[in-house]
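Shared between the two complexes below is chain A, which pairs with chain B and chain C, respectively.
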Partner chain A sequence: MFGALFFKECKQVLKSLVYFIYVVVFVLFITSQMSGDSAVRLQAPEPGQSYYGTTVAKDETLIMEGTLANLVEDINHNSWVTYPLGFYKGVTLTDRETEQAKAILERCTGKPFEVLLEEMAGHFGQYDQSSAEEMDAAQANYRVSVKEGFTYAEFEAAMKEICGLVGKGSAYEKSSYEYGIRIPMTYELAKEEFDALCEKDRVTRAYMRLFCDYAGIVLAILPIFVGVSRALWDRRAKVQQVMFSKPASGARIIVSRYLANLVMLCIPVFVTAFLLQQPFCYKAQTFGIRGDGMAFLTVPGVWLLPEIMVVLALSFLITELTDTIVAVFVQVAWAIGSIFGADVLVGDFRMRLIARWNTLGQTTLFSSLEKGFLQNRAYYFLLAVVCIILTVIVYERKRRKGGSLVWKNTER
Partner chain B sequence: MEISIEIQNLTKYYGKKQALSEVNLTIPQGMFGLLGPNGAGKTTLMKVLTTLLEKTGGGVKICGVPVENSRQIRNMTGYLPQDFSMYGNMSAYEALDYLAVLSGMSKSERKERVPQMLEKVNLLEKRKTKVKSMSGGMKRRLGIAQAIIHDPKVIIVDEPTAGLDPEERVRFRNLLCEIAKDRIVLLSTHIVGDIEATCENIAVLNQGKICFDGRVAELLALVEGKVYSAEIAAVELEKVKEKYMVTGILTTGSTANVKIIADEKPFPQAKPVQPDVEDAYMYLMHTE
Partner chain C sequence: MEKYGKVTASFVKRQYFPHLLLILLFVVFSGGFVSFRGLESAQAAKVMEMYVAFAGILLFTPLFMPEQDREIWDLERSKRTAMWQLYLPRILLALLVCILVISLFMGLMVRGGGNFDVGSLLLGAYCEILFLGSIGFFASAVTNQVVVGYMIAVVYYVVNIGGGQYLGRFALFQMMKGEYGSWIYWLLGAVALLASGVVVRERVRRRG
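Moving on to the complex of A and B:
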């Protein structure tokens, strides 16, 4: 019975306009974001290149120098970017606050702000301003050294003061600067990264992480509409009463319906991933290795499945509970908060719904963060299971209350 | 196993509002009519019997099984709700097959029963018609098909003929009588004609209370010798309506033929006539 119900639900999803829109929007979004020539640009590093890309700084001195360099630029422009509650907010400091920020900077560097400005101009002047690659290198190489004897603890205290001036969600939060300071890679480091990409990731897995980064954004939102639409369908079609009167248990009805929607939501994701990974399978061959042909299943399976599961399950739960489309507003707000709330675009996992990895490679960094990532995904997987159990409970409760959790005095 | 529904002191509250009050009823095998005005509590009673509402007090047993055993009750009941519908994008066959799955039927059982049921309700030729394209009558017939697909002992139909044209209504009543041969069909309606044409046993529910429970003949006996027909001047009509319970008026020019319920002969020219269920029902409603 469960299998028959599951397949009938799949068929129902296929006939739905909302699902059709989901497929179109997902495919358009992904194909527009995933650069077609990524595979072509992926090359083994050669000695003597002027720029090898960047990596996240782990050294405390480098973190301090990079953060202070950002601070010089932000004070200079007096344009501070923050994401309180996950939403973008531009901040402009008053003259008095700017003076306070300059004083903090001077305390960290031991140099007056004007001197730091001159040093900044001198640094950027060394690079060719017309070349994007040169400018990337100039930005990555820009550093402001700390005062002698200045400790990391003092630096942390100083950055807290900056956060006090500009508000929450700035680049001066500890979680932000510890993962957000990028330094240029040397040839040796670039080679090490490339080797890890080939050996550990077998190329395709790294590309699938980038795929998951983009897909994760859109999958935090689109399944809400599919879930809400399905959960409201019974009421709209006036089939609730007849469904409730049937012997099938609430668990069977809800779980089959949920799994059918989940499977149907996943199909375009895996198909798109499969198609997009093909150039990278070929690219891996040119590096003399065999790409992981199953990466399109394994990486999105771990990365995206818990996200789709929780988004869909929560939309089922809220809609079953309220019989309204309120889930759309609640969950879209949550998704937007998660998108803009990320302190960095690579590796800010914590408890974020959307796990960001907006880079191709950085295999060693991912390995160091993998445990936290897996904990994050396990959390959302379990949350989805809890939501579905609660949905079944709500459904059964409604079944015994005439279809609504609220008494209707007019019903006779 | 005896096929019957036993209702004892059934009470149902919506918050502080009482919808059913101390309802006692025994429903035997065959067609049973539940009559009552809109808002009498008929739908509430139907929903309690089909486990869609929890009772506040009292006891209900269907074929000896307490209504609290919802799974068992759902297996032995079929329900056609007042506003039955199905997903508009499904065909008649798909809709029935879907509901048969929810009734726990295997693939082979469905393959046999679904066409049978469609044929029974005269929808086999329309098996590919989408639910959204069906007329009200076709939807009700599909509703009956889904209610009997798992061969339940009890079928509960709530206001099944409301909104149907006369031909569809007659066809639907006949269908109900056919399926009531070896089971209980509980027909809830406010249309007296439906009961009169199909049921031997009836109960009348008013303001949440049973005000009559018995055979149709017993209901008719309540107004035996109290129904009169008289020809009066049309201008006197208002006066007569104020004084007596008028259950029928046929105006022809300046005269009107009225049907009156009265304990004694209302005027000399009035002639006693044979009462029908509608007269008895009206009498009951006004004397309650």
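Moving on to the complex of A and C:
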């Protein structure tokens, strides 16, 4: 009976316009973002290159110097990026607050702000402004030295004062700057990274992480509509009472419906991942290694599956509970907050719905963050399970009541 | 006239009220998401284009909600009243609320002591937010599914975050880049989509 219900639900999903739009938007988005020449550009580093990309360093001096460099730029533009509630919030300081920020900066560096500005202009002037690579290198190399004898504890206290001025969720929060500072890689480091990419990630796994980064953005949003549409379908088609009268338990109906939607949502993800992975399997061969052919299943399975699960499960729960489309507003707000709320585009795995990894490689960094990443995904997996259990409970209560728990008999 | 007033009041009471409530929450909690103090042109445009823009989606997409119910739709079809007569008061109501919301945000930003051209930003914001809302409106009209309307409007918004170059003159978030000339395209697009939405519903009605 469960199997029959499951396949019936799959057919139902296939007939849905929302699902069709989901597939089209997902495929168009992911193919437009994953540039076709990534495989061609992936090369072993050669000695003597001008730029090898960046890596993250957690050295205290580097953290202080990098954070103070950001501070000079933020004071100069008076444009402070914060994420107080997970959403982007641009903050502008008053003249008095700006003066206070300058005084804090001067206390850390021992130099007047005007001198720091001149140094900044001098630094960026050494690079070719028309080249994106040069500008990346300029940004990665920009540092502001602390004054002699200035300790990390003093720096932490100073940054706390800055947070007091700009508000919560800025780059000057301890949790943010402790993540580390991006520094330019040397040839040796770049070679080490490349070897890790070949040996540990077997190329395809690294590429699948980049795939998951882009796919994770749309998968935080699109499944909401599939879930809401399906959960409202019975009511809209006026078959809710018929469904309530069926002998199948609420658990069987909801779980089969949920799994059918989940499977149908996952199919385009895995098929697209499989197709996009192929050039990288070939690329791995050119490096003399065998790419991980199953990466299209294993990496998105851990990375994206919990995300799709929780988005879908929550849309089921909210829609069953309210019999409205309110899940669309709540969850779109959550998803957009998660998109804009990432402190960094590589490795911000705190309780974020969307796990960002906007780079091809950085295998060593990923290994160091893997535990946090797995905890994040396990949390969302469990949350999805809880949401579905709650949905079953709500469904059974509605069944006993004979209709909506919230509304009387109006269409919403 | 009284008839349209009653029909619109019934629409507000039965379907539109939760959306108006959401708009109220959207305004009340805005201080937690956006800052209104001392904004420069690009920052003020960002508040309008990336935050207030959602008001358009919230207000214009659910205007066909009653017709999702087959019984209401059959009843409306059986009457001699043209569809545009039914939808025009709803559109005007959404437009009025939308203008109020945008003006309120503008007032907050002006009070915060910003440095931007109020007239250009206001004109652009009205047109852009109306255009985004009309996308949801039109998608709902064609599919008779409000969820699809929201989906298309939200996808259009998200596509503009990284792929505005593919959308030509109808790309959103132009004022953030200092480009204030797109308002006419947004306005024309909005008028075309709103009118087309009503025409589509009229055709569906006649076809049965």
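Keep in mind that, in the parts below, the second predicted complex is superposed on the first by the 404 of 412 C-alpha atoms of A that agree within 3 Å, B and C clash if a C-alpha of one lies under 4 Å from a C-alpha of the other, contacts with A are read in each partner's own complex, and residues count from 1 in each chain.
FYI, contacts are C-beta pairs under 8 Å (C-beta built on N, C-alpha and C of every residue); 3 or more make two chains touch, one makes a residue touch a chain.
Treat the numbers as computed from the prediction; the structure is a model and nothing was measured.
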In the superposition, chain B vs chain C on chain A residues touched: C
Touching partner for A:F329 - first (chain B), second (chain C), both, neither: second
First (chain B), second (chain C), both or neither touched by A:L62: neither
Touching partner for A:I393 - first (chain B), second (chain C), both, neither: neither
First (chain B), second (chain C), both or neither touched by A:L383: neither
First (chain B), second (chain C), both or neither touched by A:Q12: first
Which of chain B and chain C A:S245 touches, first, second, both or neither: first
Which superposed partner A:K401 touches (first chain B, second chain C, both, neither): first
Partner chain in contact with A:V27 - chain B first, chain C second, else both or neither: neither
Set intersection of chain A contacts, chain C complex versus chain B complex: 238, 411-412
Touching residues on chain A, where the partner in the complex is chain B: 1, 4-5, 8, 12, 15, 233, 237-239, 241-249, 253, 399-403, 407-409, 411-412
Residues of chain A touching chain C in the complex: 17-18, 21, 25, 29, 32-33, 78-79, 84-85, 87-94, 217-218, 221-222, 225, 228-229, 232, 236, 238, 324-326, 328-329, 332, 339, 410-412
Residues of chain B that touch chain A when the two form their complex: 14-15, 17, 19, 38-44, 47, 50-54, 70-71, 74-75, 77-81, 83-89, 94, 97-99, 101-107, 143, 146, 150, 208
In the complex, chain C residues that touch chain A: 14-15, 18, 22, 32-35, 37-40, 43, 46-47, 50, 58, 65-66, 68-70, 72, 143, 145-148, 150-152, 154-155, 158-159, 161-163
